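Multiple structures follow.
Common to both upcoming complexes is chain A, partnered first by chain B, then by chain C.
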Partner chain A sequence: MEKLFRDKKAICLFIAPGGILFTIILLVPIAYAVYISLCEWNALTPPQFVGFANYIKLFTNDDIMKTAIKNSLFFTTFSLVTQQVIGLFLAVILSNLVKGKNLFKNIYYLPCVLSSAALGLLFSFLLNPKMGLNQILAIFGIQGPLWLMDAKGFIPLPMWVIGTVATWQYVGTTMMLYMAAIAGIPSSLYEASYIDGANKWQAFKNITMPLIKPMAKTTISLTCIGSLKFFDLIYNMTQGGPNHKTDVLATHLYNEGFQYFKYGYASAISVVLLAMCLFVTFIINRSIKVEDYEM
Partner chain B sequence: MKLSKKISISKILIYTFLILLAVVYIAPLLWMFSVSVKTNAEVFSSPFAIPEAIQWENFQIAWGIGKLNIAIVNSIIVCVATLVCSMLFGTMAAFAIGRMRWKLSGTVMTYFLLGMMVPVHCILIPLFVTFAKVQLNNSLLGIILPYITFSLPMTIFIMVGFFRNMPGELFESACMDGCSIYGCFFRIGLPLAKTGLFVTGLMTFVNNWNELLLAMVFISDVDKKTLPVTLTYFVGPYSTNYVQMFAAIVIAVIPTIIVYSIFSNQIVEGLTAGAVKG
Partner chain C sequence: MRMRKVLAVLLSTAMMTGLLSGCGSKTEEAAAPAAATTEAEAPAEEAAPASEGDVEITWMFWDDLEATEDLMSQQYAETIKRFNEADNGYHVNVITTNLEEYDTKLNALIAAGQAPDVWICNPGPNMTQYVEADVVMDLTDVLAKDTAWNDSFTGGIFERLTYDGKIMGVPTNFAAACVFYNTEIFEEVGVSTPTTWTEFMDVCQKIQDAGYSPLSISAGTPWCLSMVAGYLCDREGGPDNLKGVADGSVKWTDPSYVNAANKLVELSKYFQPTYLGDSNDQATANFYNGEAAMLIQGSWAISQINGNAPEMQDKCGVFQFPGVEGGSDPNRWIVKTDNLLVSKNTKNVDACIALLKEFTGETAQKATAEIAGKMPIIDVEVDYSKAPKQLSYVQDIMKTLTGTFGFYNESLASVEAGDKFDNTMVSIVMGDITPEDGLADIQKFYEENVYNK
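Right, the complex of A and B next:
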């Protein structure tokens, strides 16, 4: 038995396909991207090493980049707050529900499995200035705002709208993960606490909260990284417009790399994006301490 | 008496809230279906009314002229190939990490999980350039390979939990009966991890079915595009033809809705058994 599970040859065989793919498709290209980001390269002429010129331009001489970083950070914060609050709230309510638990859970999770591209088109139509939602508002005599085209303000209205749509679509994931964590808590713990005279809120605060902390770490990381690299909805709802007001890092990268074919410059954006993702994960792992409980 | 009344009021409040929220989730989708069977004139005059007559030809036009028939075949090929490979490679690696005893298992696990933090955008340009050199651009294999790679971390993350929590006695008795390590994996490990396989399978399928950015960049040949990419064309040249755009959206989302409704009840069970205790 022991020998069988220490079989070096079998371990290598099991790890090899995944490990090789990971190295060739992920690790090597990342290293290559870091190198390209140090070059001036417009797809037609061979790459030319220019050191940190791309990064310097990115941070000192690119207004769209400033908007993109601002929007990405706003979007991440917005998603994090709304998804954690609503997701946990729904998970707690649904977990305690006797009837209809699965029905509601399945409805709220449904948009997560649908294509963001399709939902983006749907909402861009629904939020059209002349049609959709504004027609309903017009019946009540309200002049609806230009949901996706208003460019005013530090955080323009379209970013709030896209953030809300993203929460609508993805809050189900957070809810589902929290429901799984709550389902893993033995009910004997709750029974014991009620015998000791705890009320529901105390039970939630002292039993549920500490025991779902590992899952909180997972959901927070997933939401942050997912929001930083967010692309589909924005591309299909506003394409970064009006006048780049709703550009995020991913759309800026796509435009620079595959509309203007500035490979070097776009790679610099991608390295910044990667650094932000790793930094966020590092912070989350540092700041949320997870204790192990025997259950 | 007083207590039971209080409970029933809070119950009514909770259910009212849940039903209202469910309406917020269902209404846009129902509306999408209703628009897809209207005429263009109807959409402009009364977008929220119930369709007067059902226009099935919207689907026919979107299917043929919009090239959705080709796109859906491409999407199926890509998704099935990715699903099979990533499930096999992922569970194999997860079995070695979660069940077998070796020094570097923790390091290898971290290596795979790093993949969850890497945005696909980072490898877009280098991979595009490299694939162009080896003739992998503009081919379905060129997007299948990165899809498998990006599906692995989630599969491994969930499956490791499953393999770790399996009772060791099962494997011990199998060994006594002369089962090899490969037999342990295929005959005991995999069947026991069925719920986990459903969850990871569903997530892998859904993610790749909906993936837009990579497919958009890597494939320029019209006959090799996947569904989400084809959808974006309805914004451009077909933009005034809303009914066909909506028919196309409906065609694109229906397969995921079917797959989801088959496996939806397994999701929480799968995640609970795997991730939480692991």
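Right, the complex of A and C next:
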């Protein structure tokens, strides 16, 4: 078997299916999108090459793009902070539970398996002024805010609301990943530390934290990339409205592409989005140093 | 060792076969729903299968003809059924999709060279993009030769379907935007229908003092609000306003637009408290539930109002959008037609024309008015005792009509320009931006995207 893996032909043969699939369904479309981003194209007439005109407009003369980048960055930061803090907290608590560990694990993970489209609709009903939350507040004589329509402020209220819903939905994933990492830490390490007189907090800080670092890198990358290209909840809850105040990169892309049929311009947005995702991944890989520990 | 090699080869073969068979079943799976969709896409086919030798054409529509509750869509389904059952040698297959995906799907089909033979289309920039892409058949000659058909249409109905003197589409019905009011609330408060802006504001104030919402409107569905804005822009500056911004002779920042935007802000005091979050359906519901006294909507709302609250038919009046003092002609109406376009590349022109004639024929047009409550586009005898009451009110007050114009968002340079107008009007009303700044923003958009092209 080992000999087989040293055979170059065999290696090529086994890599080929994956390589071909990856090229056809990922690399070729990406390359084509980059080409289209240099064209003006409405899908009805042949693409017209316009050079970097789409990119120039994108960065110098598109107010919605500014809002979208601002909102996407806010969303990424918000998700990163809330999911890391709450996810890790839940993972540590649940890992130490003796009873009901599986029950709570399932409860916290449940929103993650629900369809985002359904959740988006559910919350847009709950937060609709005519039904749901505001009607309950009205019983107590409180006039609730327009959760999904208030456009005031640098970061408008709907962005906070959607961020909270997204945290509720995805915190389960972060929690699960951290729980898996914590489960991989041998209990003998903790026992040794307690014998040496460490308390729970010290054990967490000096044993758990360093040993889950590789997982932290994974979850941070996943959260950042997922938040940057976030689309479904926004589209289902506000459609980027009112007046594009809650647009993110993906909804801006969708509008330009599928509402106005400016496929070239939309492709340019998608290339920027891709570049941002790559950049963030690069930064995370560079800034989080993972050391190997013998366990 | 050799044994091992043989085993390895055998195992890999097994894996590859598994992989391939996996692929096989996947393709089958993928093919199965596709077949199911085709079936769903052609509901008319089941009712009357194409007889042998029938020329088959396709027609694309923006609603599901089987499941729809919309009275107008049901009439479209009836017409298709009639056309397919008739012994005319033609058969039409229907491609349906929901409204949200309609444009995307249609464009994809056209781009792939598989345009439907006939499709339904909104007037304005939406239609313009197909005309400019040169995929629409010019119907001028067909209409010129068939004088009987040509003469059956109401005068001026082709105005917005004509490009460079060529008629590119045929309308199937039309709707007009007006103000619906609750006659009970008006009586209780003691006001009558206003004809001028001052009277309108006065009526609104009195209704508000009596504890009702004077006006129900949706900013959650921006075109609802922008329809009112469009009326105000036209009342202030008349037809010159739309023409002017198109060629650049009028600026969005000119006084007539500023006045219109200011009036819109003035009017917003009288909207129901939840107008920012309410959708179009919710805003209409506020009216037929008796919470709001007035609703500014297209006449298509009639079937929605009567369908949900039958008792409303007896207490729902209609008046035309009031004029403004010192403004332009107050007898101009916002109207909108649904239109059929024929593909330039269709192989069966005769079948397509026959289908258009079925849609614009007397039977279909009578049903359009009497059952669906929309206005027919040919001069046909309509029995108004069968039709919803509001329809005859609308027809009555339209007798003073001097001109029509389209929805503002559908009359501007592009779909995007229309959205820009809609969204800016919402922002202005929300107080997010001043009328002057908002209009300057539209002017900037026009200078960059329209005049510079």
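Note that the second predicted complex is superposed on the first by the 283 of 295 C-alpha atoms of A that agree within 3 Å, B and C clash if a C-alpha of one lies under 4 Å from a C-alpha of the other, contacts with A are read in each partner's own complex, and residues count from 1 in each chain.
We adopt the following convention: a residue touches a chain if its C-beta (ideal position, glycine included) is under 8 Å from a C-beta of that chain, and two chains touch if they have at least 3 such contacts.
Since the structure is predicted, the reported quantities are computational estimates derived from the model, not experimental observations.
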**OP:** Once the structures are superposed on A, label A:Lys152 by its partner contacts, choosing first (chain B), second (chain C), both or neither.
**Re:** second
Original post:
Regarding the shared-chain residue A:Pro242, is it in contact with chain B (first), chain C (second), both, or neither?
Top reply: second
**OP:** Could you look at A:Gly144 and tell me whether it touches chain B, chain C, both or neither (first, second, both, neither)?
**Re:** neither
**OP:** For A:Asp7, select first, second, both or neither according to whether it touches chain B, chain C, the two together, or no partner.
**Re:** first
Original post:
Which holds for A:Ser267: it touches chain B only (first), chain C only (second), both, or neither?
Top reply: first
**OP:** Quick one: classify A:Phe258 as touching chain B (first), chain C (second), both or neither.
**Re:** both
Original post:
After lining up the shared chain so the two structures overlap, which partner does A:Thr45 touch, if you call chain B first and chain C second: first, second, both or neither?
Top reply: second
Original post:
Is it chain B or chain C that touches the larger share of residues in chain A?
Top reply: B
**OP:** Could you tell me if A:Pro17 is touching chain B, chain C, both of them or neither one (first, second, both, neither)?
**Re:** both
**OP:** Mind sorting out which residues of chain A both chain B and chain C touch, each in its own complex?
**Re:** 1, 4, 17, 258
Subject >> In the complex, chain B residues that touch chain A >> reply: 14-15, 18, 21-22, 24-26, 28-29, 31-32, 43-44, 47-48, 88-90, 92-93, 95-97, 99-102, 108, 111-112, 115-127, 129-130, 145-146, 148-149, 152, 156, 171-172, 175-176, 180-182, 184-185, 202, 206, 209-210, 212-213, 217, 227-229, 231-232, 234-235, 242, 245-246, 249, 252-253, 256-257, 259-261, 264-265, 267-269, 271-272, 275-277
Subject >> chain A residues within the chain B interface of the complex >> reply: 1-2, 4-8, 10-11, 13-15, 17-19, 21-22, 25-26, 28-30, 32-33, 36, 93-94, 97, 100, 102, 104-118, 121-126, 131-132, 135-136, 168, 176-177, 179-181, 183-184, 214-215, 218, 221-222, 225, 228-229, 231-232, 235-236, 249-250, 253-254, 257-258, 263, 266-267, 270-271, 273-274, 277-278, 281, 295
**OP:** State the interface residues of chain C toward chain A in the complex, per the touch definition above.
**Re:** 4, 8, 19, 103-104, 107-108, 110-111, 129-130, 133, 135, 219-220, 222, 273-274, 276-278, 282, 414-416, 419, 423-424, 426-427, 430, 432, 448
Subject >> Contact footprint of chain C on chain A as seen in their complex >> reply: 1, 4, 17, 42-45, 61, 128-130, 146, 148-149, 151-152, 241-245, 258-262
